[in-house]
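Look for chain A in each of the two complexes below; its partner is chain B in the first and chain C in the second.
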Partner chain A sequence: MKVGVYLCECGTNITEKVDLDQVSATISELDNVGYVSKIGLMCSYDGVSVFEDDLQKQKPDRVVVAACSPRDHEATFMKAMTKVGINQYLMQMVNFREQLSWVTEDKQAATDKAIVMLKGAIARVVQQEALEKKSITMNNDVLIIGAGPAGLKAALTLAEADRKVTIIEKSPMIGGLPVRYEELFPKMECGPCMLEPIEHEILHGDHAENIEIITQAELKEVKGFYGNFIAKIIKAPRYVDTEICIGCAECVGACPVSVKNPMNSNMNEKKAMDFTFFGALPNATYIDYEACLRSKGESCEACKTACPIEGAVIFDDKEEIIEKNVGAILLAIGTQLYDATLLPNLGYGALKDVVTSYEFERILSSGGPTGGQILKSNGDIPKSIAIIHCVGSLDENHKSYCSGTCCQTGFKFAHELHHKVGESTITHFYKQLVFPGKSDYPLYKNAMNNSHAKFVNYLSTSDINVVENKKGVKTISYKDVSGISGEIEADMIILLPATIPGLDNESLSSLLEVNLDKEGFFEELHGLVDSVRSKVKGIFVAGSCQSPTDIKGAVNQGVAAAGYMLSGLVPGRKLEIEPIVAEVIEDKCAGCHVCVLVCPYKAIQFNEETKKSSINAVLCQGCGTCVSACPANAIIGHHFTKEEIYEEIRGVLS
Partner chain B sequence: MISKNKQPSVPDNDRLSAIENSISNLEQKFEAIENGYTNVLNVTKSLAEKIGALKDVLSDKINANEERSSTHEVSQPQVILAPVEVKSKQYEPKIVGFLCNWCSYAGADKAGSAQIPYPTNVRIVKVMCSGRIDPEFILKAFQEGADGVMILACHPGDCHYKEGNYRAAQRYQMLKKLLNQYGIEQDRCYFDYVSAGEGEKFVRLITETVAKVKSLGPLKVLVE
Partner chain C sequence: MSKKPKIAMYWASACGGCEVSLANVHEVLLDIDANFELVFCPCLVDGKIKDVEAMDDGELLITFFNGAIRNSENEEMAHLLRKKTKILIAYGACSKDGGIPALANLSSKEELFNTVYINNPSIDNPKGIIPQRVTIVEEGELRIPEFYNKVKSLGQTVDVDYFMPGCPPEPDQLINVVNLVLSGAELPPKGSVIGVGKTTVCEECSRKKSDKKISRIYRTYEIIPDEETCLLEQGIVCMGIATRGGCGGLCPNVNMPCTGCYGPPAGVDDQGAKMIGALGAIIDIAAIKDMPEEDIPDYVDNILKSIPDYAGTFYKFSLATALVNGRVNK
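For the complex of A and B:
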């Protein structure tokens, strides 16, 4: 074996402290050392070309470069090796500058250490193997789960770049939560008016042919990995063909069955054949089969008879299983609100006219139970309203975090109340007020400037108690932060509960092996620089399923995730697999599962039939944790093999 | 919209903090043991100094003897001298430092660019992550003649591969017990966290470890 050793002088940075001639003389005598060359400034343009020429002339089997930190120029020298046709993994760098000449005062001591360092590298490099970067073809299509603002904007961004996108949405409509709100903070824009154009773009826009929307659908199974996922989707029957339904509502009028309307938190009723709400997209009705008389064995055909379009109502619609091959998956399934009955002293669930923020949004909505009028359950206009902020938030016994959007929601309600019921008094109970950024302050100012508004700063929801007298008037007794007690009357109470992880975070987390954080939100790769990537390569997270956020935040994350997918899934480009990965030697594997447990990237599968582990090189990041955990020594950590490291240890100690 | 307050299944973070807690408990216990050990060490040190003084006296005498009977093969005194050599002033311990490729290697580079001098005793072996450091590597180092070993990792929560450093910390605790069984002083093996910005901490750790291992003298028991 012929090892070529290159010593960089780094100007005088190295030579000042290390006697390279002495080093060279000692090293030349070592086994395997073919030659030792000194180069002035190896990383410079000239230096690299001298290095390349010399490599071509000498044709070494292995190369050692003693220069600066590999963090500076390892890539430079690796590239040079590749250029002259020597495998770049046959090189080992020695950090003469940062670890030696810059930190050692005595020249002889430095020279001695230099020799020892080189001995380690030479012993190691002899063991090193040529490694090849493999590449595999990638599927460029994307699956998006959840059709809220985050999912929809991601889909549009991808579709505009001609990527094929499948969106699966659990409910019969797209748009997520905000399409159900009449007005949106911070600028009090009309929710449906702002989001409908986006929805139309998705359904009928210039790039709509790139987007497939599957409503009433859920993910059931996922196999594969980044670039090559196979997703199994279950689509529930809608009994209406959304492609040909014209949304005329004839069927709704004809349907004889009324049931509670979950879209309006059961505050009113809807038909068994109905829209989710009027104006929901896709503009088509659906049958709530459990409520439909046909599910009870009756032969009702009222909707079908009333329908002017042949074939739009499909009684024998079936559950479908759809398979999709995609390269990446985006989770954008949104949130839900904390259960306010867990704070019983606030009266929710027990007393009338104590409503959550979501319920109040529906009361404000023209498609809601009161047609957009603010009315109590008895039909009267409320005269005094209390808005209790931070319900379940900032509370160690409930949710310790700030949900971030409730303040603005409360001020939005104050704004709407002022416009719709004029003189009503509004009392805000709050723990903390937040209004960061350039747009949130005006709504707060507006709420403060309302002469009928009062603000009470409280410490804990246990300091608030709501009781109701026989006439239905509610009294809120409270203690504020300074310990002063008080009492106010209110005939409507709006609670702003904490935003918490969605119902399906847990099931999707185990299905996709994506971690949840300690609150149950999908965990991001990095809180500051990588909040839209999960720890599983190729699975992205966006919107309020990752952390409570407003629409702006959700949309930004959706678009950011789309950006990652566009840069990662490029048509015609293959997925390059780094060769510094781990590999199981099947014969040695005893099937103990330890590697599967320690891998932070879920890159190791256990084959139940062969009882052996195998490592997916696409998912493996090369940390080597499994290699050292394997009790059978059955895993090779390429480029950091036991033999290489042992030889290096031996070398530096010889 | 309204859900029951369902607790998510124990997420990784909780597991990690549980591990961290148990590690810090263990560390406290080890600290207590270490303190006891330092006391013993101090006694040993003062004994060693006395032996050193004796050595000087002895070697003077031996030299005098040798000069007097230079034709004689004097083998006995060498046996007497053997344990004494241990404390000679020239003794420079060999220490292997296992560093992960990310924070701790960058911390070493930081010390370099800040040009803070430190002793030359430590030879750095780089791995991608401290999670790759097999306890066998440490034993191998001792077997090949190292007098001390340092393991430096990214700070908890900062591991480039998320949790390799927790594994490394666990293995280190296990390893220390094993070292005891091999008769290798636990103080010869050192674990700590160094971030990319902590060049000064890196230098401090190197300097302290070198001093500590120097005071222990060369490793006497070899690993089989």
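For the complex of A and C:
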């Protein structure tokens, strides 16, 4: 075995602290060391060519490079080795700079340590094996779950690059939450008007043929891995053909059944055959089958009779199971509000005209229960309004975090109230006010400058108590941060509850084996630099199911995820599999199952037929957790084998 | 004089169970007798040490050496039998890995003597007499073997050809080994572990296994385990996952956890460490997600508290050859 040892001087970075001549003299005497070469700046263009020329001349069996951290230049030297036809995994780097010359003052001590480090590396490299990268074909299509702003923008970005996208959406409409809001902060743009162009682009734009939208659909099962997922989708019957329905609403008028309208938080009614709301896309009605007379055995055909389009109403529509092969999956299922009834002192659920932010959004909406007029439940215009911020937020007993968007929602409401009901008094109760960024300040200023507005800073929701007298007048008694108590009357109370993970975060987490964080949001790979990747390769997360965010944040994440998918799933390019992965030696596996749940990347499957575990090399990141967990010594960690590690230790101790 | 190849079975620091395993081959004993001459086995036949000493080197074809090396007599016999034997087999857990006697390596010789001869409720020893190598009596000098400070395996004492684990080794495995030698087939490479399965006890255990997460550990008297599910999944420390197979999964198949007598699986240097590593991997720590950092050690400690004796649980049979092999280092 001929080991070539290269010592980089790194300018004076290494030579100042390490006597490389002494190192070279000592190391040259060791077993297996064929030669020792010193190079000035090995990572420089010239340094790399000297390295390459020398490799070609010497033809070593193994290479040791003592230079900087492998994080700096391991790839550089690996590439050079590949270039001259030596397997790049036959190289071991020794970190002479960060771990030695930068941290050791005494030159002799540093030199001694350098020799010890090299002994370890030389002993190790002899054990190293040539590893080959493998590659497999990838599917370039994408599945997006959730048709809110994050999902839609991701879909458009992908479709524009000619990727086939399937969006599945649980509700009968697309657009997510903002499409239901009359105005959006910070610039008071009309929600539906802003999102409709995006929706139209999705449905009818230049790249619409690349996008398939499946509404009333949920993910049932996913098999496979990055580049090769097989997703099973269940689509509930809509009873209306969205392809041919023109949204004329004739059927709605004809339908004899009225039910509570969930879109408006049951504040008004809708028909069993109806739109989710007027203007919702796809522009087609749907039947709420549980409310429909036909589900009760009656033979009503009012909607079908009224429908001018032959075949648009399909009474015998059935649940469908759709299978899609995709390369990556984006989770963008949005958010919901914290349950305000968990703070009973605020009166929500018990008292009339105590509403959540979502309910007030619907009251503001022209498609809402009051046609956009701000009215109390008795039809009167409210004269005094209280907006309670931070409901359930910044509270260890509820949600400890700040959702970051409710302040702007509250200020937006104040703005709308000022315009729609003029002289009403508005009292903001808040724990903290936040308005970061370049756009949020104006709405806050506007709310502050309102001469009818008052701000009360409170510490804990338990310091606020809402009661109602027999005449229906609500009184809010409170204690502020300085301990001063007060009382105000309010006709209407708007609560701004914390935004919490979507309803399906939990079920999708177990289905896709994507982790949830302690609050129940989808856990990102890294909070700062990788917030749209989950820990499962090929499954991405975007929007408020990952962390509370506003539309801008959600859209940015959606587009960022699309970027990852575009750079990862390139037509014609194969998925290159790193060979530094773990592998089950089948003959040694006793089928004890210990490894299966240990893997943080869900790369281990258990085959019930052979009673053996196997590791998916695409998903494996080579972390070695299973290698150490396997009690039968049946899992080998390539490039970090027991023999390599033992030899390295032996070398260091020799 | 018989022309049959000679074999021996010797007990060093042992309990006699290994001899029972030889007796347990039942009628196969007749086949063994037909093919071999058992010349030396203090437990079963009348052979003397001087007979062995008188033999030529390598005159014994096989010696099944059981028991650990606890004292100077054990050591002398190991050297003698090594010299006289062609195929020396470390037979049984004590001989292979130190076995239960090696658990004494957690205490010094003085501590052991103190416990056994002095500080023991059932001992009446007012003069504090402990064994002496040499005792002068009227008739002369009495000598007993020297009690060592540390128990060693046979392999740590002499060169061993093959290792056969088990407490005791299964009779079927003994028959397999004898048949292999008789068949004249090529023997496995020197140093091999023989008479064992390919993987671990799990492969031979018929219990149903699935993904493991355990949130507390039970001792065997605390629960009546379900008869079909993996014992480890029920919170009982079953060493089967980290134990070489070959026994047929005897213990788990009768509702008792494996205690590890077949020693570490192939390629494993430290059975206890492997078991601890695996146990660490399957202890359910999901609950720590919302836990303040300072509470986490307590939570883990609470789970581990139910293991009363780490060494006795994880190293019951293999402490002498483990990486960290005891408290006394002499």
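Definition applied: the second predicted complex is superposed on the first by the 553 of 654 C-alpha atoms of A that agree within 3 Å, B and C clash if a C-alpha of one lies under 4 Å from a C-alpha of the other, contacts with A are read in each partner's own complex, and residues count from 1 in each chain.
Note that in this section contacts are C-beta pairs under 8 Å (C-beta built on N, C-alpha and C of every residue); 3 or more make two chains touch, one makes a residue touch a chain.
None of these values were measured; they are calculated from a predicted model.
When the two structures are aligned on the shared chain, A:Lys518 is found in touch with chain B and with chain C.
With both complexes placed on chain A, chain A has more residues touched by B than by the other of chain B and chain C. In the superposition on chain A, contact of A:Lys642 is made with both chain B and chain C. In the superposed model, A:Gly553 lies in contact with neither chain B nor chain C. In the superposed model, A:Val598 makes contact with both chain B and chain C. Applying the stated contact rule after C-alpha superposition, one finds that A:Tyr358 touches chain B and leaves chain C untouched.
When the shared chain is aligned, chain C comes close enough to touch A:Phe606, but chain B does not.
When the shared chain is aligned, chain B and chain C each come close enough to touch A:Ala629.
By the document's definition of touching, of the two partners only chain C reaches A:Cys589; chain B does not.
Chain A uses residues 518, 598, 625, 628-629, 642 to touch chain B in one structure and chain C in the other. Looking at the complex, you find that chain B touches chain A at residues 1-9, 11-14, 94, 96, 105-106, 108-109, 111-113, 115-118, 120, 123-129, 131-137, 140-141, 144-146, 160-164, 167, 171, 203. By the touch criterion given at the top, residues 518, 587-598, 606, 611, 625, 628-634, 642 of chain A touch chain C in their complex.
Residues of chain C touching chain A in their complex: 198-203, 209-213, 230, 232, 240-242, 245, 265-268, 274-275, 277-278, 280-282, 289-290.
Taken together, the chain A residues at the contact with chain B in this complex read 69-71, 95, 97-100, 102-106, 109-110, 112-113, 116-117, 120, 265, 336-342, 356, 358, 398, 500-501, 503, 505-506, 509-510, 515-520, 523, 535, 580, 598, 600-601, 621-625, 627-629, 637, 640, 642, 645-646, 648-650, 652-654.
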